[in-house]
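First subunit A sits with subunit B, and in the next complex the same chain sits with subunit C.
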Partner chain A sequence: MDNSQNIIARSATTTTPPQVRGHVDEVAKLIDVSKCIGCKACQVACMEWNDLRDDVGECHGTYDNPTDLTSESWTVMRFSEYETQEGNLEWLIRKDGCMHCAEPGCLTACPAPGAIVQYANGIVDFDSNHCIGCGYCITGCPFDIPRISPKDQKSYKCTLCSDRVNAGVEPACVKTCPTNCIEFGTKKDMLARAEKRVGDLKELGFRDAGIYDPAGVGGTHVMYVLHHANDPNRYSGLPKDPRISPLVGAWKGATKPIMSAIIGITAFAGVIHYMTKGPKEEPEEHAGHGQDDTPPPHSLGYDATRPRGEDR
Partner chain B sequence: MKMPRDRLIRYSPLDRANHWTMAMVFVLLALSGLAFFHPAFFFLSHTLGGPVWARILHPFLGVVLVLLFYAMAARHVRRNLLGENDVQWVRQIGDVLDNRDEKLPPIGKYNPGQKLVYWALVVSIAVLLISGVIMWRPWFAGYFPIPLIRFASLLHAVSAFVAIVTIVVHVYAAIWVKGSIRSMTRGWVTRAWARHHHGLWAREQEEAQHREQQP
Partner chain C sequence: MSINVTRRQFFKLGGAGLASSSLAMMGFAPEPAEASIRQFKLTYAKETRNTCTYCSVGCGILIYSKGDGAKNVEQNVFHIEGDPDHPVSRGSLCPKGAGLLDFVHSKGRLEYPQVREAGTSEWKRIGWDEALTRIARHMKDDRDANFVQRTAHGETVNHWTTTGFLAASGSSNEAGYITHKVVRNLGMVAFDNQARV
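Take a look at the complex of A and B:
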């Protein structure tokens, strides 16, 4: 968490977060999948800058290494071998990691105040110091990105090097990429650059080339240039129309105030009912048994007019 | 201890111990669960020693509640099936709420309102158990697909809502109907109470006592 004064969204918070230093441009990372050579330099740079050292895994017969994101591998190259209808083989390599959605599902689902924040520049950051380890961010994320560490039960993901960006430098993966496949700048600039690249790809014959900046999550601050933007799924399951699941929307949306209110109203109705209708009591069965001012037997738990333990 | 003549036993010591253990566990579960449900209730996570401890303990407490609840529920199924005069009692719900008890038909050990509480909890606690296991990190959630976890999360919230509203009604009914709380703390009710609120049960108990005294 590197800037506590330009937060535009804060998890589990119903008031306005501190955002006076909000006069900043939205940033974006642009990943041109058509230029990626799968060297994994970005993975190494990510480890190095963020001081992460994941366990050495095993080879699963693919180039994917590690085979999945983990709490200590915030970005991985995903390799897929796609056979086209014409019988050509396409080797599609996608750098996977947090997309930094404008409408982040993780932040929507998170129950811990301030554990997930969104800065004015669009970066979605985990303040793991406030994380409680419930995993709701995993439930909320449309891209299956956050991972809980088995060591500390806290959730982790790519920060878009928020610490570096805050100091005015590009993320570590961008700095290290040898083919300039990963670029970084304002979202506006990156969109312009992406459009130019899409035009070039179309000229090269990729008719379906396009930008991946999915509107279902309000756009993202990590974008792809895809040669087959009509079918993002072929890039190791990149979702075509990602959005916060309606189940998560219902769970963390309308049900919260409605169900909370009904619980309160039920308790309040009880108070009003008692005050207007009074308690439900049985009539005295032994009318005239004692003096008029004798308390009814049940109010004391025993009949005060008789010695205890004595049979009538 | 011999029970004085004007009293009837309603809840055994085991029932009472179980009930109040469950009551404490339920309150802790509801408070910690609400903390994860709505930011307005987040401070309630401190009832279990802070938000992280609440996340750790809540599911284990849930398992304790499930064990205690179904151990009790199984023993009381028969008393909670639809009984004589139940339908008529429900038709006269207006008289029930207005305390016009003299107009009501005699009812068994539990009235239809109590039976509704019983069945609402039987169902909602089962759903809470199943959905809760699916959401339970770090132990079980990893074995389930994320779309299923989403569905379980919503179900867990809705069934917890049903359970909490049910318990609010249950607690209010206990405060409303004088003598109920004593029956669950001390175990007995007066004969007058039993005849008035649960006429069929009172008759059944009294007949049983007569048979014991005159073999």
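Take a look at the complex of A and C:
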């Protein structure tokens, strides 16, 4: 099936992806934190659309429910009570979930071919059929988003409703949002809307209002409008300058070609050795060790039926 | 059945397995790439417009069901989302509306009239005709017994305070008008509706 979502990057794959169809607009989801009322309609719509039903959890004394992302809760509202220097309380609510980075750490780290793909429109999607459950995507993610399911040991996260976007409709969370806090469109349009909103917030007195589109991961296709963009950490630990762990670079960068070369050299040396020396002859087994006339278990080198220590 | 593997054969097999899996992991065995990995689940679904049952806002919903209505299939609702053409909600839904699918399929959903007879603890299924007849009987008896025409001061009130009426919220203006006429004509005072909130 050919469509607007050409895959432009694929985990653990070295073949060049198709690049000719270049007129695909990058999409983006814009979350205006200042408009969110924490109703969690997005959480419900996400579960409904993606056929997920998480276990009913327990109340931990906060509105966070569930308290963390799970393999069946791909988005959660995080409620943070922040006290300002002036002594005011700010209730900061952030919709957490995959940021759909332009340079996805999960995809870079993933060793399973095709388990993580990136479409031309910017969506980073997990193909769980190919997932081997190693959890490297979690190590690679600067936002700590993917979760391994205890049911099938495969990794899951928000797909930005790639199926809906492909069919020309907005993601489920965007559609349901009653306060217009989540918007969807081309990244260009969303940046323009975000800037307008930041201007409004500044007029309202939020001098540090700004857009969260971190350059450390090449920009993201899920962006926030924050009233305190100077300190994103306030919003339940949103990283100020997210970067992919250097371990991922080492594993996929230097180590891979070196290891490939070692494998190649070993194979080559083996061929040369075979050509120059010939096959290795099996040494004749000497009679007397009991190897030739004993039943199969004895081929392990000891007699399991004999009591231990009998001849020691 | 037992498989006899010598130490030497075991190492050979293990080595070959490790080498081939390592090579595959390092990307020497790429698989064909697909253009998209997720299919749109509403293709060929039947779309039905409706109104959310919950509150007085009355958001528009689209109900998606499987099955085309042919006589040999039973249709099944499998997805509900907001109706973007609805003037009230324009496609948005609150968490309750967004979760309507599980409301539709809930095991606890009331689907037919039931009665718990006096002195029993069991709910018994009854037909609609029986239910409406019994309700009408109860209302008539109660109204005949407790209808107040005049107060102690002689003021005409014509009210009936011992029975209440709870009306649906997801009704049209016309349905609301008729409900109001029926209830007030009987002299009923305790009349509530979620649309009040």
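Convention: the second predicted complex is superposed on the first by the 249 of 312 C-alpha atoms of A that agree within 3 Å, B and C clash if a C-alpha of one lies under 4 Å from a C-alpha of the other, contacts with A are read in each partner's own complex, and residues count from 1 in each chain.
Here is the rule we go by: contacts are C-beta pairs under 8 Å (C-beta built on N, C-alpha and C of every residue); 3 or more make two chains touch, one makes a residue touch a chain.
The shown structure was predicted, so the numbers you read here are calculated from the model rather than taken from an experiment.
Q: Based on the superposed arrangement, let me know which partner A:260 touches: subunit B (first), subunit C (second), both, or neither?
A: So A:260 meets both subunit B and subunit C here.
Q: Can A:250 be said to touch subunit B (first), subunit C (second), both, or neither?
A: After superposition on chain A, A:250 lies in contact with subunit B alone.
Q: Does subunit B (first) or subunit C (second) touch A:111, or do both, or does neither?
A: Both partners, subunit B and subunit C.
Q: Between subunit B and subunit C, whom does A:12 touch in the aligned arrangement: first, second, both, or neither?
A: Touch partners of A:12: subunit B and subunit C.
Q: Once the shared chain is lined up, is A:67 touching subunit B (first), subunit C (second), both, or neither of them?
A: After superposition on chain A, A:67 lies in contact with neither partner.
Q: Touch test for A:176: subunit B only (first), subunit C only (second), both, or neither?
A: second
Q: Name the contact category of A:284: first (subunit B only), second (subunit C only), both, or neither.
A: The first partner, subunit B, only.
Q: Which subunit A residues are contacted by subunit C in one complex and by subunit B in the other?
A: Looking at subunit A, the two contact sets intersect at 12-14, 111, 113, 256, 259-260, 263, 301.
Q: For a test of understanding, state which residues of subunit C touch subunit A in their complex under the given definition.
A: 2, 4, 6-7, 19, 22-31, 33-43, 79-82, 84, 89, 91-95, 97-99, 101-102
Q: Considering only the defined contacts, which subunit A positions touch subunit C in the complex?
A: Touch residues, subunit A against subunit C: 1-3, 5-7, 10, 12-15, 17, 39-41, 43-45, 47-49, 53, 111, 113-114, 117, 119, 125, 127, 129-130, 159, 162-164, 166-167, 172, 175-178, 180, 256, 259-260, 263, 296, 299-301.
Q: Across the complex, what residues on subunit B touch subunit A?
A: Contact set of subunit B toward subunit A: 4-6, 34-42, 51-52, 54-56, 97-99, 101, 135, 137-138, 141, 146-147, 149-151, 153-154, 157-158, 161, 164-165, 168-169, 172, 175-179, 182, 186, 190-193, 195-197.
Q: Where on subunit A is subunit B touching in the complex?
A: Going by the criterion above, the answer is residues 12-14, 109, 111-113, 132-136, 138-139, 144, 148, 150, 153, 245, 247-248, 250-251, 255-257, 259-260, 262-263, 266-267, 270, 273-274, 277-285, 297-298, 301-303, 309, 311-312.
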